[in-house]
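After this come two complexes, each holding subunit A, first together with subunit B and then together with subunit C.
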Partner chain A sequence: MARIDIENIRKTFGGVVALHDVSLAIPDGAFVILVGPSGCGKTTLLRLLAGLEAASAGTIAIDGRDVTALPARERDVAMVFQNYALYPHMSVRRNMSFALELKKIPRAEIERRVDATADILGIGALLDRRPRQLSGGQRQRVALGRAIVREPAVFLFDEPLSNLDAKLRTSMRSELIKLHKRLNATIVYVTHDQVEAMTMGEIVVVMKDGVLLQSGAPLDIYRDPVNLFVAEFIGSPAMNFLKGNFDAGRGEAVVAEGRGRLRLDPALAGSLAEGRRVELIFGVRPEHLLAAPPPSGASAIDGLVEVVEPLGAETVVEMSLGTQSLTARLKGDLLPATGSVLTLHVEPKSVFVFDPADGARLRAV
Partner chain B sequence: MTRSGAIPIDPSVRRFLWICILPVILFLVLVSLAPLVLALIDSLREMSLAAISRHGKFVGLQNFITVLSADSGLFGALLKTALFVLIVVPIEFALGLLIAMALNREFRSRRLWVTILLLPTMVAPVVVGLIWDFLLMPNYGLFTWVMNNFGWFQGRPVFSQPLSAFAAIAIIDVWEWTPFMMLFMLAGLLGLPREPIEAAEIDGASPWRVFWHIQLPLLRPIMIVALMFRAIDASKVFETIFVLTGGGPGTTTELISIYAYRTAFQNWELGDAAAICLLIGFFSLLAASIFFKLISRQPEKEAMADV
Partner chain C sequence: MSRGSRRPSLLFWLVLPFMAFVTLLPYAWTFATSFKRRSDILSTPPTWIKDPSWFNYESMLFTRGFDLYLLNSVIIGVSSTLLALTVGTLAGYAFSRYKVPAGNHLFFYILATRLGPPIAYALPMYFLFSELGLLNTHLGVSIAHAAFNLVLVVWMMKTFFDEIPVELEEAASIDGCTAAQAFWRISLPLALPGLVTVAMFVFIFSWNEMLFALMLSAGDSNTLPVMIPSLIQHTGTLRGEVAAAAIVQTIPVIVFTFVAQRHLLRGLTFGAVKG
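Up next is the complex of A and B:
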């Protein structure tokens, strides 16, 4: 258990900047998810925390102790690797006890801790096997056990579930959440999977191109993304983006060559009018598209139904609006015919507005 | 990699495959199988040039009896060869591993260093012999001069004393072949998966412990191959010794291949030489199988399959 303070961390590889002055404060016991597309610097940040890479500038402190210059072995962190990184020549038991042996912990104590951890993870029967005699899921558990048994200050996870099949991934996800509750440990978890980010994280950190874009509670990020990239990355299916013009006089947006009219929140419309903004990008989440008009406004989008995916509980509809497209999540009892024209509606407060130049979110001032 | 029985092969393809394989088969028959058969035949005949009248006569196992008799010198040569191998190979291995570890880091001039260090191994063994012959020449050799300045080997050349001659041969072999071990070990170290090493660092292992507990066990398979390779090669050492001492003084540096050479081309006992060569093959096989037995008895043998 520990808090982590990352201040202005910069990392360059040769001439390439992998991390641009990243700062982040992680409270004690938090489950933090670093998420972003590949190459965004999330794994580099994790390796810096582990001590496997040296920072080019900035400081990292664990529980107030500056560890920036300390080697990995003196940081009291444990890491679970994407490929598990088990010691192939050692038994499962030895894999788990190795770190404790290095710490010169008494034999009996090691035995006790390894057995207890193996019990938690349900790998007690595998202790005498070698890694290559285990399935992917079992190896994953051993890697987890090797970290847990150490009782470290911080757990680091590098895409630990990405090599598991979908079903196992889902069950491991809930197990990790339970494990976090039980251990009450600080966890930093890297993933490119926004579903993992949303479901597991207490704090989600969205990164892109070595820059920390936004950090906060998953739902806060979902409800209030700072820019177009975050809005698109968090949420599944992804947010729809429609190009259009803002009509200051009527306080609404005309999108997709007139196929849709979106009424905006009055406060937002006011600041857009004040800023004389015309050409903009309007974002609507698929789940905010409604089949019946809401009482609050006269927004309407007409689209040609291209694909209908009935999932039972809901129906995912893909529509085309001229050159643009739109995905909607409708109630399961709605089954529009392919090729028909469907009119959908949006609440004014559900419309996000972005600057087409840099993707920045435009808000009511 | 399927067995030929698994997939039916078109006859024209089969013919083509035979044409492809044929040169290799021919080559092997000419340089390997035929000499072996000839040696086998010669080992059973009287081939001494000193006995013209009985030349070529079938004598059964007489040559083997002669060679295996206590006074023939075969066992002395075998013993010296074993001693030589047991001295030089471990030293070459340890030094090679040490240098490889030093080079197993990212630094700018690494390639240059590897190339420079590899030079002794790249030079032909005969040339190695000649280089050291010049360096250790009794009166004019550079090393002789240096050593004489320290008061060593004054008036008694290195190769004139049994102990110093054998030591010199061993040191030269170490000089020549340590780079080979270094290359093998460096390739092995560079080929190790990075994650277990990083995992060990995070688990709290110092560099020395990472090496001892992780890298060394993972290197096992390649270490065995390298040791095997060098042991076989060292037991066949010929050119350098031939150039430097020719087996002398006396028979001090008369390792098995020199002994076979002397029997064949100085004493012209060609039948005895053929018998010696077959016996060398037999003893090599014996040594190799003992070596394998020792390795496969190790408890950690399963680790080999993982890497």
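Up next is the complex of A and C:
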């Protein structure tokens, strides 16, 4: 367990800036997810924490100790790699005990820790096998075991579930959550999968192009994204974005070449009117689109149903609105016909507004 | 159909025995000659071994003093192999893992040492070793062989290290290894099949090498290949002893090839297929 303080960390590779002055405070025992598309700098940040890369500027402190210039072996961190990086020439037991042997921990203590960790992960029967004799899921567990057995201050995970099949990934996800509760350890976990980010993280950090865009509790980010990128990245299916004009007189937006009218929250509408904003991007999450009109407003969007995906509990409908498109998650008993025109509604408080110039979220002042 | 289960074609059965016959017959004849008595060696018509005898081996090794040359070959072969492997493996690792200043040029210049004819290096080396007092010593020939083989070791070992995922060393460094420990405990054991292959090549080169051994050694430091021609004397060729020496000379090559065949194959195909 340890707290991590990252201050103004910058990393450049040649002339390319991979991380732009990233600052982040990770509380003791937190499960932090670094999420973002490929090339956003999340893995670079993790490698900087591990000591596998040297920072170009800024500082990293673990439990108040400045580790920026320390080599990986002196940081008391453990890492689970995407491809597991198990030592192929060592047995599972040796893979797990290797770090403890280097620390010159007594043999009996090593045995005790390896056996206890193997019990937790259910890999006791595999201890004498070599990594090549294990399945992907078993290798994953051994890689986890190798980290756990060290009892490090910080666990670092680099997309550890990306090589597993979908079913195993789901079960490992819940096991990792349980493991975190059990160990109460500080975990920094890198993924590009927003579902992993939402379900596992206590704190989610969204990154793009080497910049930390937003960090916070998963639901806070989902409910209150700071910009268009975060709004689109967090949530599945992704948020719908409709170009449109704001009509200050009526306090509503006309979107998708007149195919929809969105009533806005009065406070937000007031701010937009004050700022004389007209052309804007309006965001609505698929799950906030309603088949029946809500009592609060007269929003309505007419779309041509193109694809209907009945999933049982819900129906995902893709509609076209001229040149724009819209995805809605409706109740499972609603099955609109393909090719029909469907009218959907949305509560004023569920409409997000973004600046088309830089994607920034516009809020009520 | 997998490669392993494919049945050999007719061509295979025609060509392979022919190739084997052409290759093995001279060796088989030499082998037979080495056990023949002097009177049977040139008998007409030629005969296989009538009355096998160790005479040629005893004469070559003990009467002609080849036991010393055999020992010299072993000492020089082993020490030049150890020297070339130690320096070459470390250099190959450095080329694989670190940014070496002017690395590409340096890597090419190492190769360039094998581009010229060996005789071009032999004479300068003779003068240099003469100044250093290394002529007629095991160390001199060992250094010459190691230097000539270094390029092979560096090139092959770099390729083997390139194939080892760098994440393994990163995992080791997080586990608490220094760079040297990560090399010694993780990368080197994983490169072992490659190392064995390279070691065999280097040893066999040194074992068979004649030019440098001839130039740089004399008398008691001579190696076996240098001394075999001495059995062709002005009074006649000691054919039985030549055959016995030739068989002794080939034994390590054959043993190494068979014993380490698995390593050799794995080493030669290392990196050809991922996974």
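Quick note on the criterion: the second predicted complex is superposed on the first by the 365 of 365 C-alpha atoms of A that agree within 3 Å, B and C clash if a C-alpha of one lies under 4 Å from a C-alpha of the other, contacts with A are read in each partner's own complex, and residues count from 1 in each chain.
The working rule: a residue touches a chain if its C-beta (ideal position, glycine included) is under 8 Å from a C-beta of that chain, and two chains touch if they have at least 3 such contacts.
Since the structure is predicted, the reported quantities are computational estimates derived from the model, not experimental observations.
With the C-alpha superposition on subunit A as described, subunit C and subunit B clash in the combined arrangement. By the touch criterion stated above, A:Arg113 is placed in contact with neither subunit B nor subunit C. Once the two complexes are overlaid on the shared chain, A:Gly51 sits against subunit B and subunit C alike. By the touch criterion stated above, A:Arg130 is placed in contact with subunit B alone, subunit C being left untouched.
Judged by the touch definition given at the top, the superposed model places A:Lys103 against both subunit B and subunit C. When the two complexes are superposed on chain A, the residues of subunit A that touch both subunit B and subunit C are 50-52, 71-73, 75, 77-79, 81, 83, 85-89, 98-99, 102-103, 146, 150. Only residues 50-52, 71-73, 75, 77-79, 81, 83, 85-89, 98-99, 102-103, 146, 150 of subunit A touch subunit C when the two sit together in their complex. Interface residues of subunit C facing subunit A in the complex, by the touch rule stated above, are 165, 167-168, 170-178, 181, 186, 189-190.
Residues 193, 195-196, 198-206, 209, 213-214, 217-218, 220, 300, 302-303, 305-307 of subunit B are the ones that touch subunit A when the two sit in their complex.
Touching subunit B in their complex are the following residues of subunit A: 50-52, 71-73, 75, 77-79, 81, 83-89, 98-99, 102-103, 130-132, 146, 150.
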